[in-house]
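Both of the next two complexes hold chain A, though its partner changes from chain B to chain C.
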Partner chain A sequence: MEIPQDHLVDMYSTMVKIRYFEERIREIYFADKLPAFDIAAGEVPGEMHLAAGQEPVAVGTMPHLKAGDAITATHRPHHVAIAQGLDLKQMTAEIFGKATGLGRGKGGHMHLFSTEPNFGCSGIIAEGMPVAVGAALAFKKLGKDNVAISFFGEGAANQGAFHESLNLAALWNLPVVFICEDNAYAISVPKAASTAIADNSDRASAYGMPGVLVPENDPVAVYEVAREAIARARAGDGPSLIEVKTDRLWGHFEGDADAYRTDEYKESMGGRDALVAYEGRLLEEGVLTAADRDAVIKKMHGEVDEAIDFARNSPDPAPEDALLHVFA
Partner chain B sequence: MTTMTERKLTTQKAIAEAIAQEMERDDTVFALGEDIGVYGGIFGATEGLLGQFGADRIMDTPISETGFIGAAIGAATNGLRPIAELMFVDFFGVCMDQIYNNMAKIHYFSGGNVKVPMVLMTAAGGGYSDAGQHSQTLWGTFAHLPGMKVVVPSNPYDAKGLMISAIRDDNPVLYIFHKGVLGLGWMTNNPRATGPVPEEAYTVPIGKAAVAREGTDVTIATISLSVHRALDAAEQLESDGISAEVLDLRSLVPLDREAILDSVRKTHRLLVVDEDYQSFGMTGEVITTAVEGAFDYLDAPPARIAIPDVPIPYARVLEQFVLPNADKIVAGVKSLLTA
Partner chain C sequence: MFAANAPYRPALVPETQYCGPMPTSTPTWDHDNQRFVGLIANPVASKDIRRLVGLARVVDVEEKANLIARLLVGLTAGPPVAVVALDDSGGMVKRALRLARGKTPPVEFLPIEADASERDTHDAAAMLRAMGARALVTVGGDGTIRSAVEGWPDARLVPLAAGTNNAVAIVHEPTMVGYATSLAAAGLVPDDAYDQLTTMVVQTGAAEPSTAVVDAVGVRTHWTGALALWEPDDLVEAVVANARPEAVGIASIAAALGPIPPRHARYIRFGPGRRVRAIFGPGLVGEISVAEHHTIAEGTRIHLASGTRVVALDGERRLIRGDEAYVDVAAGAFLLSVSKTLAFNSKTGGTNWSFGPNAGDLEE
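This part shows the complex of A and B:
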């Protein structure tokens, strides 16, 4: 099926934005933590899980979503949040722990919440999966044609919450799409050492729903599979499970020595960088000219730089605001 | 103001009536849980509701507490007001992540932008030899964790009013009913489990204690079935010329600290009775409240009666040994008065 040109370009633009965002966060994160790494130090403290390399799974899904559709994401949420179009300034400010952040500095980078777009994420593996089921249940009960998308890693597929969520979604025929971001490693443990089968998409058959494997880390491949699953959910025909083979280009968290992956493996990931490959394809196919590409890069980098400036220049929360927002 | 009627209900029927009236009033309210449909809830909290509202709003779930409590959270953040039933509070072990890491934290993490208006109702308590995985109360465990309100009614009137308040609240509310206060035909008969309940909908405010019996010599602060034990004890004490005030805390979160202080300032003595584990729990919190806020009024060190930090045992004599009862409360009060 033909893919509209604006979707092809939007996916590229968003990939550029995500990659540059993650690069800037990485640079800022490390700037004041070295030479002696101190996780508590600096402008952006705490754990930092960046998604460079995993852009395709996020950008390939988003063209099929509409206002009100719900997303639950993981502890590595930036690519999904940016692709869904969360306010980049507020999102960045939250990562910087500022009063202007999405959660006024109470959540940080693993706990980004937004009502429009409808987004949540969590630092606990598979925690968001049943929440997506519940969002889909609400859409069905309220007669809305919205869908819920649950992003999770391949490590999450061994949690009970994965199995409970798939069963409930299928049992109740809910409009939810489960998208597994298989980056091949659960922190240090390779998938083959943790998972009894090669492809989690095969687990869909245990719950009577379609399961589709996307073997390439490619936005167009994700786009095509996500289109069908989301259309199916939106039409009331029930849930699907998709597994996308993707690459986590960097460590599990920033500061991770990443010694559990061989140099050969890491080099192979670099050689198949999805952003480089997709850009090359768009240029080759004439979807983008070099000038278009440069304009996209300039625009996307500008938006990211602006968001980072906004976060940097925003005030810290008042310390005593820690006591607010326990209850509505 | 509500109109008192002479109509009497059991606590169990009062809870079911509250849910039914709120479901009639508000289409976004629905219930889900194990055996809540045809069965009507193992403890009858949804008795008769399947027939009235149908399977779309009274949803039987698989035995998947993480799945359906997590789904309730997602439904609550997307426009509905779910009531999820965790059959026994003891089962929290398989789903606690959704309860305390998710349900209770989303509002805070979002800086107040996302609301989670849901009720998690659950049965608690022992006394009928169900052993250590079906007899705990555990309310102190939940009250310890910020972000969820915790209510524990002791009688039919409060049970209905607190359930309606819980459903209308924009926060997650853990609604814990002790099996011994429900008036179930298959539990030991408890006359205090039946009482007057207005037919119309009304609310009992969350976070307000009630003086269940006025007195002047000692305050017995407690909750749930132990309110009944304390009332029984107060009757015995009266015949000995001792006037005991029984304070029914009704909510643990928020805790009505003013009511505790008001009563202690009046009676000058405090006994806290709890069917939860003793250490790091409700008894310590209530006593600390009194010591911090009314130290100069206390004529004796506050005392407590609670489960002595052992799992709930099975054999009748063992279980009865660790549970609070009226005799222990009478002895505790007399000891306080001679201190």
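This part shows the complex of A and C:
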């Protein structure tokens, strides 16, 4: 089945936007934290987990979603949030801790929430999985044909919430797609040192749902698999589990010495950068000309720069509002 | 040259590789004199999109490890034979050794860092050939066989089925496959125990040609994507060989058009014409129109049509078409018949290997 040209270009544009966003955030994040790394310093205080390299997982899923679908993501959420179309200015303001942010500056980059589109993420590993199951249950009860997508890392697949979520989703035949972003490391722990099996997609059969492995970090491969899984869920045929072998190009968090990955491994990731490879194929196939590419880059960079300017120029939350919109 | 003397080689293990309990050590063996077979298992076989678009099963790593364990135990049923294996990135052979609890022949690992790619299978097969392996056992599907014969084009193959379509791979109890392999490694086989496969050598402008053992299919879409083929409208043309009547995939279409004589392939151009039943994969029943088809002998070159943008090899979209694209139909690897080997063994008394470790050895 041929992929519509606008989908191919949208996936590329979004990858460009995500990568540039992560590069800008990285640059700003580090600006005031060195030479002795001070996590509380600078325009963007706190931890920062960036997703450069993992763009294909998010952009390959995006074209198959429609209004009202629900998405949950991880502590490394920017690529998914951008791909699902969160307001970039509000999202950036949240990362900067500003009052104009999605959570009025009280959530930070790991806690981005939006109702339109329907998006949430969390710093707690596997937290989004039962939430996605809940959203899917609501869609089913309300008779809607919406789906819920749960993005999670391979480390989350060893949490109880993973197993409980898959079990309930299968038991109740819910419209949810679980998408595992396997970047091979849970913080610094290689997957093989924490996981008894090689591929988490194998676990799907234990819960009576299809499991598919996408061994390439390729937006088109993710696109094709996500298309089938989401259509299946939307048609009422139940959940599925997709596992994508992806690459986290940088450390677990900004400031991570990343000594647990060999130089050879890190160099190999650079050599297979999905953004470079995908751009090359689009040019080869004539989907984009060099001029189109340049125009896309200019537009996406402009949107990111504008969002960062917006965040920088936004006010900080007022001290007297510290206890507003906070629940326990 | 192979000169290992330790049962396991812990070096060069990728960081993502198996870290579970190590298996019991296997016996040592005489590297200068004892025969051995090669073993390459593919951890990612049988996990692609056909689990969503069809009803293909998942053959998970533990299931494959179990198949390998049975195969290894079966290898001890016949004349003594050692095993040199690729230390696959799923750790399946190590898992199998743990499952078999010491009831296996000696097993050693190749000094190759496996990453579940086509390349590691290719390199392992080439190395096993250079080392003098008597046979090559693959565990996976047709794609696994394809990568292996690219590294060892005239291998004596024992392809244990753990893939999706398994058009060529052997669907038998692995213990019996292991038993037959040990007999074959010792040369205790009838003259007709091996069927020479016809292969398709595909050139698409890339530096090195690629090989298909079942089908090379021209696809009109531009992307390799999720690799598998399941959309009839995407197909332009196919060159198919070794199509058993019971095979699924594109081979089912070729088989439906009539038997393909040995040492031949069938060219099919899809388009308005004869409607043919097609079993595109497990649980994927459809039909397709065939505009023309004809039988072609080994030694023939087929130039691919201009409508072909991507070439699928053995059911997986793999190659982007270059300016020049053609398929050479050629003689290929040798496929062991487990049935003929075991029948021959029973006919000859079933114990003639007991006269020595290399009794009945095949003279090269």
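Convention: the second predicted complex is superposed on the first by the 326 of 328 C-alpha atoms of A that agree within 3 Å, B and C clash if a C-alpha of one lies under 4 Å from a C-alpha of the other, contacts with A are read in each partner's own complex, and residues count from 1 in each chain.
Basically, a contact is a pair of C-beta atoms (placed from the backbone, for glycine too) under 8 Å apart; a residue touches a chain by one contact, two chains touch by 3 or more.
As the structure is a prediction and not an experimental result, all values here were calculated from the model.
Trainee: Look at where chain B and chain C land on chain A after superposing the complexes, then choose clash or fit.
Mentor: When both complexes are placed onto chain A, chain B and chain C end up side by side without any clash.
Trainee: Here's one for you: vertex at chain A, rays to chain B and chain C, all C-alpha centres; what's the angle to the nearest 10 degrees?
Mentor: 120
Trainee: For A:F30, is the partner it touches chain B (first), chain C (second), both, or none of the two (neither)?
Mentor: The answer is neither, since A:F30 touches no partner chain.
Trainee: Counting only touches as set out at the top, which of chain B and chain C does A:F253 meet: first, second, both, neither?
Mentor: neither
Trainee: Who does A:L324 touch here: chain B (first), chain C (second), both, or neither?
Mentor: First partner only, chain B.
Trainee: Determine, under the contact definition given at the top, whether A:T115 touches first (chain B), second (chain C), both, or neither.
Mentor: first
Trainee: Contact-wise, after the overlay, does A:A135 reach chain B, chain C, both or neither (first, second, both, neither)?
Mentor: So A:A135 only meets chain B here.
Trainee: For A:E127, decide between first (touching chain B), second (touching chain C), both and neither.
Mentor: After superposition on chain A, A:E127 lies in contact with chain B alone.
Trainee: Name the contact category of A:R104: first (chain B only), second (chain C only), both, or neither.
Mentor: First partner only.
Trainee: For A:I197 in the superposed arrangement: first (chain B), second (chain C), both or neither?
Mentor: A:I197 contacts chain C only, not chain B.
Trainee: In the superposition on the shared chain, how near does any CA atom of chain B get to one of chain C? Answer in angstrom.
Mentor: So the smallest C-alpha to C-alpha spacing between these two chains is 25 Å.
Trainee: Would you please give the residues of chain A that touch chain B in one complex and also touch chain C in the other complex?
Mentor: Comparing the two interfaces on chain A, one with chain B and one with chain C, no residues are shared.
Trainee: Which of the residues in chain B end up touching chain A in this complex?
Mentor: Touch residues, chain B against chain A: 28, 30, 56, 61-62, 64, 66-80, 82, 94, 97-98, 101-102, 105-115, 117, 146-147, 149, 170-171.
Trainee: Quick check on the complex: what are the chain A residues that touch chain B?
Mentor: For this pair, the touching residues of chain A are 70, 72, 101-107, 111, 113-115, 118, 120, 122, 124, 127, 129-139, 141-142, 148, 160-161, 164-165, 167-168, 171, 324-328.
Trainee: Write out the stretch or stretches of chain C touching chain A in their complex.
Mentor: Touching chain A: residues 15-20, 43-44, 47-49, 51-53, 57-58, 60-62, 89-92, 116, 220-227, 231, 233-234, 320 of chain C.
Trainee: Could you please specify the touching residues of chain A with respect to chain C in the complex?
Mentor: 1-3, 184, 190-193, 196-199, 201-202, 204-205, 210-215, 218, 220-221, 223-225, 228-229, 232, 240, 261-262, 265, 281, 284-285
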